[in-house]
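Each structure below is given as structure tokens.
Each of the two complexes below includes chain A, the first together with chain B, the second together with chain C.
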Partner chain A sequence: MKEKPATVFVVDDDDAVRTSLRLLLKSVGLPVETFASAQEFLDGFDAERAGCLVLDIRMPGMSGLELQQRLNEIHAIVPIVFITGHGDVPMAVEAMQHGAVDFIQKPFRDQDLIDRINQALEKDRDNRAGLKERDAIRRRMQQLTPREREVLDLVTQGKANKVIAGDLNVSQRTVEIHRARVMEKMGASSLAHLVRMVIEAGRAS
Partner chain B sequence: MRQAALICVVDPDPATQRSVGALLRALGAEVEVYATAREFLAQLPSAVPVCVVAESRLPDMTGIALLQELRARGLKIPTILLSADADVSGAVQAMRAGALDFIEKPYIDRALVTQVAPILDVDDHRAH
Partner chain C sequence: MDNNADPAPPAAPAGRPESELRALLDAAVDAVIVIDHAGRISTFNRAAERLFGYRAAEIVGQQVNVLMPEPYRSAHDGYVQSYIRTGEARIIGIGREVVAQRRDGTEFPASLSVGEVSGSQPPRFIGFIHDITSRKAGIDALRRERDRAQSYLDLAQVMLLALDLTGRIAMINRKGCEIVGYTETELLGRDWIEWCVPEARRDAARAGLQSFIAGTSAQPDDAEATVLTRDGASKLIAWHATLVRDELGNIVGTLSSGEDVTERRRAEQALVHSESLLRSAQAIAKLGNYEVYVPTGPAFWSQEMYRILGLNPKQGPVPIDVFTADVVHPDDRDRLARELQRAFNESGRLDLEFRIVRPDGTSREVHSRAQFQPSADGESTVITGTLHDITDRKLAEAEVRQGQERLTHVGRLATMGEMATGLAHEINQPLTAIATYAQAAVRMIDSPGGTETTELREPLVQITNQALRAGEVIRRLRAFVKNRATRTETVDLNRLIEDLRVLAEPDTRVNDVRLSIDLTPELPAVSADPVQIQQVLLNLIRNAIDATLEAPAAPREILVQSTGVADGVEVAVVDRAGGIAPEIAANLFNPFYTTKAAGTGLGLAISRSIIRAHRGKLGHRPTPGGGTTFYFTLPPLPGA
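And then the complex of A and B:
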């Protein structure tokens, strides 16, 4: 599987801002792509690509807040750092309520922006690692037989083998065998590990 | 019979106390008003409100500190901060700390109703 490096996507209608941000980010070795409008970014949006979004809050056409809303509607996880003008408190609050990771107010120091972008990229890495882990657990769970799945549910509810044997009307020895297979297929090193995986898999993604 | 849901207003300004208090009562809430965070925190064990509306600059602590104090006590009460001299970074900080909303004075009525009305409804539905 080929993966492009994490990219900083800059969306700003101001040519001068786009150019200066491109130069700034390149100078610190961050891959950057710029877009002159929210629509242009959305048209080329690929949820698989790692990175973060640096987004001007006020733009003609689709605003930064509207783009955030559109991305939320398609459950995009790309972290957003908003660039805002002075006195945009209500917009800042609204964007935070909708999951923005950060804000930077114009005029800003270059280093401040770079720090925030690095934090956003780290968050994206964490989010993606979490999603990957969840997918892997779900795939392993799908490999369980229906009976193994039942045993998994009962084991992770904290029931003892003897109780499970009673619940499923099988011998305790049979439960032990199923349980060992569940542990093996799930790659679980302990009951606690197994429980953690089941909780992780149950999370909405 | 269940009593009206309690909302606490923490703000030293009498005009805000009056107008916010009237608005919240009109929405059907029972309102208690405090001028300082300390007075409000002192009565907390006896009555936990469904929502707190607090000025972000209280005489004895900031609204964010009050929010953090509530969380430290294990109370996840929805908290709305009000501010007369808001800036973007203060607003962002408040939202990060877990504020439900951060509203600029003096035009707070509409935003306050938007946030509080669902809380009062939700609370009614949850009542047994």
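And then the complex of A and C:
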């Protein structure tokens, strides 16, 4: 793989908090990059880079929540761990609703933060793996003929061959042949497997 | 005048010898003249010769009217003729006063009695003439005397009233008439009590008069009694009465002098009333007044002076040196003595608050103001002044001040409460950094390869710095919320604003508002309580934050500015939010008026009272381009 190792991106406007986080994460061997503002992070953002975001929820200028919103807008999948103050639970809830992995209140135990970061990095790995899988499924689906695609849609809707034959106005035998071809092209081991792949492919991005 | 009859020889009186008659006539004191019916003189006795200056020999046979001046001379013949013709006597048997003329032409008053000589035909008349010059002069003198007395009576500014035994008016002078409003003619002979005493008092007045006349009371009436005037008004008369007796000592009436004291009594009552008002006013105000002549002379203290000082009015005013030495509180004696000296020597005024100690040991706060002026004779100084017991006011002021301070403190706490989120954040940041640095350091020590101790230096330095940072926030916070008495010191407002940043910035930061500060260098220092001024400023910044949050489209900026202005230093908090609606502006400074869900409505009211107490002003104006600018000014230090 040509990919860089997964990196922890820390965005916090407070110098001391930012620098201490960098020191802590480095001490546990995590690659760290720090940013003093959301804008600074966004300017250098590369969607291809694996890792997670440790984000202060309150910041002057663009806040943590606003950064999350921007990232969602460009379909970035980077998992976010929010750092919040004591009074920021409502904001944290909002962040979770918009897909944040977790939040942690300041000040925090180092292990709690590291656990959440690891969780986020794992999620990033999963996301990126899922993304690859989805791409593969979509590629296989693109190899289906239009008739095979119709049969796939009806099969995954749970219709029996006989019903599909009626719908498409072909013989039941013909349906069986298309269906076997679809299973083969998609590399599906069972009908359940096929359905899972279709759902996975139907996911956004 | 019929003068043409021949003179007839005088007839000898019948029955008497001529010589006897002659002797009789000549011995008579009065002049005796006999005339005939034609008015010719037939007899002229010695006394007549002396009186008129004629000798009998030359006058006998002449007309009697030569003894009269005109116009009597011409009228005389007519009288005689008229009497003879009609028998109607004008003078005969009656006697009258006439004017007679001597030979030398001089005239004199005379009494004349005329008789007809009985039995003579034609009739003859005998006249007796008496010079009444001296009697007349006496009468004139008496009349003049009486007129003068009357004019004295009339001139007298008192009513003079003589009553007879039945109470009828025998005499009343002009002043009396004036007082009761009747003319003398209307009053004379009238019943005084019936006319001039109010009905309700008539019986009493009559009884009084009777007992006075009977000698059983000293006065016929009360010394002061009401008199009823013609127009129905009442007048108060002060009476003095005496009994009038005739030559035999019999009481014939009363003579009274009465003085109209209506106005005087009214004035006296007004004076009494106003004095009592003054006394009450002084008691209510706890304000006494005094007038003292120094070094010697009379001293006057009003009642309230004694009350304030707890002294006995019977003992009279305390001399000024005793006052300073004994009455004044020991700690204030020197100060008062100094001020008195200054008033005597230079200023002529005293305006001083000091304490006095009452005999019972309690002390009072008093305020005295006085003027020092030379007395009329130049011998001494007159001190005229007031002494005001301001103890209650001082207590009230102290209570108000304490209340104000409590309220100010509550306001500070409220402001702090509103800023709590930001401040918690501000303390949480260094705590987070400390915890994180410390945990990183531990991990570094625990790492399999171990760590050089020098690598631990950086986190430890950072931990120290962050602990100090948190401590500083807490220190300022404590200084701000601590309940404390107002303390004024010399303040550089620019430094105060810079110091405030630590408290203000967290609040703006957590609300995602940018706080910028623009200070004009070298501003004059002011005299202020720094914590209270910070309170005002924080309150204005809080309001600006709230206003900014309420206007989502507005630039999220707040500017704190200091500038020099004509009347001192102005500090302004400028927001770019929505401005203030007129109906809100009208209530802005009213206590408990708030537009915020969690507001107390005290912030601006307290801020304004703080600034007023600093002799400054707090106000607002629109920010050019939108928003509101709240500002306050503080006067420069005197001499700064």
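Keep this in mind: the second predicted complex is superposed on the first by the 183 of 205 C-alpha atoms of A that agree within 3 Å, B and C clash if a C-alpha of one lies under 4 Å from a C-alpha of the other, contacts with A are read in each partner's own complex, and residues count from 1 in each chain.
Going forward, a residue touches a chain if its C-beta (ideal position, glycine included) is under 8 Å from a C-beta of that chain, and two chains touch if they have at least 3 such contacts.
In this text the structure is predicted, and so the values were computed from the model without any measurement.
Q: Applying the document's definition of touch, where does A:Q157 land relative to chain B and chain C: first, second, both, or neither?
A: Touch status of A:Q157: no partner.
Q: Quick one: classify A:H86 as touching chain B (first), chain C (second), both or neither.
A: both
Q: Which one hits more chain A residues, chain B or chain C?
A: For chain A, the partner with the higher number of touched residues is C.
Q: If you stack the two complexes on chain A, which partner ends up touching A:D102: first (chain B), second (chain C), both, or neither?
A: Touch partner of A:D102: chain B, not chain C.
Q: Scan A:D14 for contacts with chain B and chain C and give back first, second, both or neither.
A: In the superposed model, A:D14 contacts chain C only, not chain B.
Q: Regarding the shared-chain residue A:Q143, is it in contact with chain B (first), chain C (second), both, or neither?
A: Once the two structures are laid over each other on A, A:Q143 reaches no partner at all.
Q: For chain A, which residues belong to both interfaces, chain B and chain C?
A: Chain A residues touching both partners: 86-87.
Q: Which bits of chain C are touching chain A when the two form their complex?
A: The touching residues are 421, 424-425, 428-437, 439-440, 443-444, 447, 458-459, 462, 465-466, 469, 509-510, 512, 514.
Q: Write out the stretch or stretches of chain A touching chain C in their complex.
A: Its residues touching chain C are 14, 16-17, 19-21, 23-24, 26-28, 58-61, 63, 83, 85-87, 106-110.
Q: Would you tell me which residues of chain B are touching chain A in their complex?
A: Against chain A, the touching part of chain B is residues 86-89, 91-92, 95-96, 101-104, 111.
Q: Going by the contact rule set out above, which residues of chain A touch chain B in the complex?
A: Going by the criterion above, the answer is residues 84, 86-90, 92-93, 96-97, 102-103, 105.
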